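Below you'll find a set of structures to go through.
Next come two complexes, and both contain chain A; in the first it sits with chain B, in the second with chain C.
Coming up: the complex of A and B.
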């Protein structure tokens, strides 16, 4: 009897990483873009070349124009994000821990959460004026809701076994919150922070386009009005860099704060 | 410290008005410094009983209590959980120190005590590891060290080794007996494993199926320290067969009655 070898069926499950294709794909797109604009196939007024955008960016950096816009935008987004995140975690914890807060809070949050926050900007401008306060407030609101909801869910999904174990070792309510519920909610809190970072960038740009005379959103809209497409693209690239940077920083922070998940 | 369980009854009720009678007048005592195993068919309310002793659940009727002096700052009980119940965000050392923190012990004292029990349970060198970095056996060592660290008068163990593989379980049983001989705790050990119960315990409380009553308390006439060679001794075999006979009739009845 001749032996029939075992067929390697797992081969279809294999997936290689193709590190070269990663770089080639991105670089190829940029190169194609450059080529299209160089040949004049697409007029630079509609789509400036990547090198042109880079050049304009460096030029604006040198003149100080860029720094002003970036600093203004960063100030708004950081303050709004911080306020929204702190408020959201505090409210989410309270609603998750206390029965009364849950009874009062969940219907309130359910009713107000679906409102697109940008729709509140006109109202906020009416209340707080056209200055910084209304822009920061709309970002705060946009971050508050995902943070509150995620923190609440995280607290409520704390493992009941761990809660019982803590109680069996004499933990009181405050210990339970600090040593079990809060750490159990941290992964959800970080998911909320990442969600909130995206939302806050969106709201920042929207607020700056509606009522501002500085900031990256203003830069983009103003450049469009003046048909300075290259400057417009600089603004867009900046925004995408901001998004990347915030995601990177939050991921690094998450690894540092949740070490028990880092190498799971 | 002596453990008294007197006429304890418990009925669980769910939201739809369905009720399940878990315990129907369970009575037994555990002498101070004894290791008593509680066995019974699965789902018979063994864990309910242990949770009551830990103060995590109240009986509907009957009394649970402890007899004997307890020095200040010492808890009556500490629990070792079947699923370990370690805090995943705490290192081994921080897990062991948890109960001491809640008791308000100063940091230096906590460190010294946790150091001692980490060594005693063979966890030396793993202080800074997180639970997910440990094997099942190592995790339960942390669970045992955490419970011993608060120096409870009675150690409650809820099927502590049932999640471990057979070889690890055997080793852990031996180590637990060693620890018990050194620390002289009263231990209430819940298990569904008859051999484990007989090999480790002085006496075995055999519970009936639900609603649980005490069928019999079987004395184990094996000398200490226990060795693996005793697994073949007549005293071991007799006790194990007696318990199996009691449980078998119960288990058969339960199988026939359980809803398909």
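Coming up: the complex of A and C.
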């Protein structure tokens, strides 16, 4: 009678990181894409090659065209994002802390939140003009809602035990908000920030496709109008990089601000 | 014996029916729902294409650029629309599209596109291109025929492209709204939007393109695949030339009368626009559909100078009037 080895049946749940597969997957896709365009099977007009896109990007970087678009877009995003995030956190906190604010705020937010913000763009243009204000406003709105809702949820879900403990140690309303509720809401706030970052990219492109003279959205639309597919791809790659960068930065910030949740 | 006869008859039917069912050749024709497509509506309605074995299937588009893309991808066989930098970039990018016939020119005394300035600015003395220096001009898109118009107006006045700020607003209705709301100082637009702005008291026309510099603004184009089917391509041109002659004689030469009204009514039916607006906006074109010699080449040189197309395109790589010439020879 030989002892049967115990099979760890939970092993299927284990997921190793496969660092090689990560790189190979992406590189393989790009290589296949390059190969496909090299054979001439797909005309470069319809699908520019990765090397062509890289070349066009470098060329646009050298001429200063790219920097102009990126700076314009970043300015719009940062301002809209900051306004939306600050407003969202403030409103979310107020609604979470004060009974009156909650009574007034929750139905209002529930009614306005589902409106796709792109649908508001024509109205914003009518009110604020085709300049910067309407573009920033639409981004602000897009970021405001996930921030307000997440902050509110975060505050409401603060551990009651911690709240009671703070109160019994003599904490007033303000120090309760500052020292317990806000820190408890931080993970939700960061989740809202990441959500808002994605939304703001989407809205940026939509806003810049109407009456803009520069910005990444303008670059994409203009390249489409002029049938410059390579430049179009440069714009798309740029948007992807911006999305990656914002996610990376927010994750780093999250680790710095809420170290107790570092690996979540 | 009788059975054999029946079998023979049935067989004959089976063989004959598909041959007869082939009928006229289907051709997908991409157009805009605008007055300037009148020649093609006329050809379809009056049976000029059918006469030569062509069954045109009208495919409607919202703008010129998507027609160019559909020609490049082979989704349509024939396109009839304005010449844009985007179209030239497709050809420069190695996907051939052939410009085969006239479909509308900017021409003296025929209203098509114009520059309309805001009423209040006009009242305060802004009445020429010079006085628009540093101001905002709305166009549909960068690289559009309207962009070309503004560029040429500036050149004519000895001004530089940077002397005005072009605001791309994507669609013609948006241009009207922007001017009425004073978001731009002038717009480069087309009939019937010009008439609408003037009727609403929102703007005043200061440049009629046709009076300022005539050019080949719109053409009939063939996809590379369709151009290879020589017989059908020539047959289409025969129908087009006949339709064009009808259009010229009824609409352009007379400007009124029952034959004119008939084309107005037919265009109204296809475009859904009001007959009064349609009357004002029939563009000029050659009676036989011949192109303005050398103009396509001139356009590509200009776009290239603006750095909006990769290379100037030799006329032989984009213009092919041989289909039309062959059709006209046989039509005589």
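Assume the second predicted complex is superposed on the first by the 247 of 264 C-alpha atoms of A that agree within 3 Å, B and C clash if a C-alpha of one lies under 4 Å from a C-alpha of the other, contacts with A are read in each partner's own complex, and residues count from 1 in each chain.
By our rule, a residue touches a chain if its C-beta (ideal position, glycine included) is under 8 Å from a C-beta of that chain, and two chains touch if they have at least 3 such contacts.
Quantities reported herein were computed from a predicted structural model and do not represent experimental measurements.
**Q** After the overlay on chain A, what do you see for chain B versus chain C, clash or fit?
**A** fit
**Q** Based on the superposed arrangement, let me know which partner A:175 touches: chain B (first), chain C (second), both, or neither?
**A** After superposition on chain A, A:175 lies in contact with chain B alone.
**Q** Which angle, in steps of 10°, is spanned at chain A by chain B and chain C when each chain is reduced to its C-alpha centre?
**A** Result: 160 degrees at the vertex chain A.
**Q** Check the residue A:259 against both partner chains and state whether it touches chain B (first), chain C (second), both, or neither.
**A** After superposing on A, A:259 lies in contact with chain B but is clear of chain C.
**Q** With both complexes superposed on chain A, which partner does A:164 reach: first (chain B), second (chain C), both or neither?
**A** A:164 sits against chain B, while chain C stays out of touch.
**Q** With the two structures laid over each other on chain A, which partner does A:214 touch: chain B (first), chain C (second), both, or neither?
**A** neither
**Q** Which partner does A:43 contact after superposing on A: first (chain B), second (chain C), both, neither?
**A** A:43 contacts chain C only, not chain B.
**Q** Can you report the least C-alpha distance between chain B and chain C in the superposed arrangement, rounded to whole Å?
**A** It is 51 Å, taken between the nearest C-alpha atoms.
**Q** Common interface residues of chain A with chain B and chain C?
**A** Correct list for chain A: none, the interfaces share no residue.
**Q** Touching residues of chain A toward chain C in the complex: what are they?
**A** Within the complex, chain A touches chain C at residues 43-46, 126, 129-130, 209-213, 218, 221-222, 224-229.
**Q** If you look only at chain A, which of its residues touch chain B in the complex?
**A** Those in contact with chain B are residues 161-162, 164-172, 175, 179-180, 183-184, 186, 258-260, 263-264.
**Q** Which chain B residues qualify as touching chain A in the complex?
**A** 51, 54-56, 75, 77-79, 81, 83, 85, 87-89, 98-99, 101-103, 130-133, 146, 150
**Q** Can you list the residues on chain C that touch chain A in the complex?
**A** Checking each residue of chain C against chain A gives 65, 68-69, 72-73, 84-87, 89-90, 93-95, 141-144, 165-170, 174, 178, 181, 183-184, 308-309.
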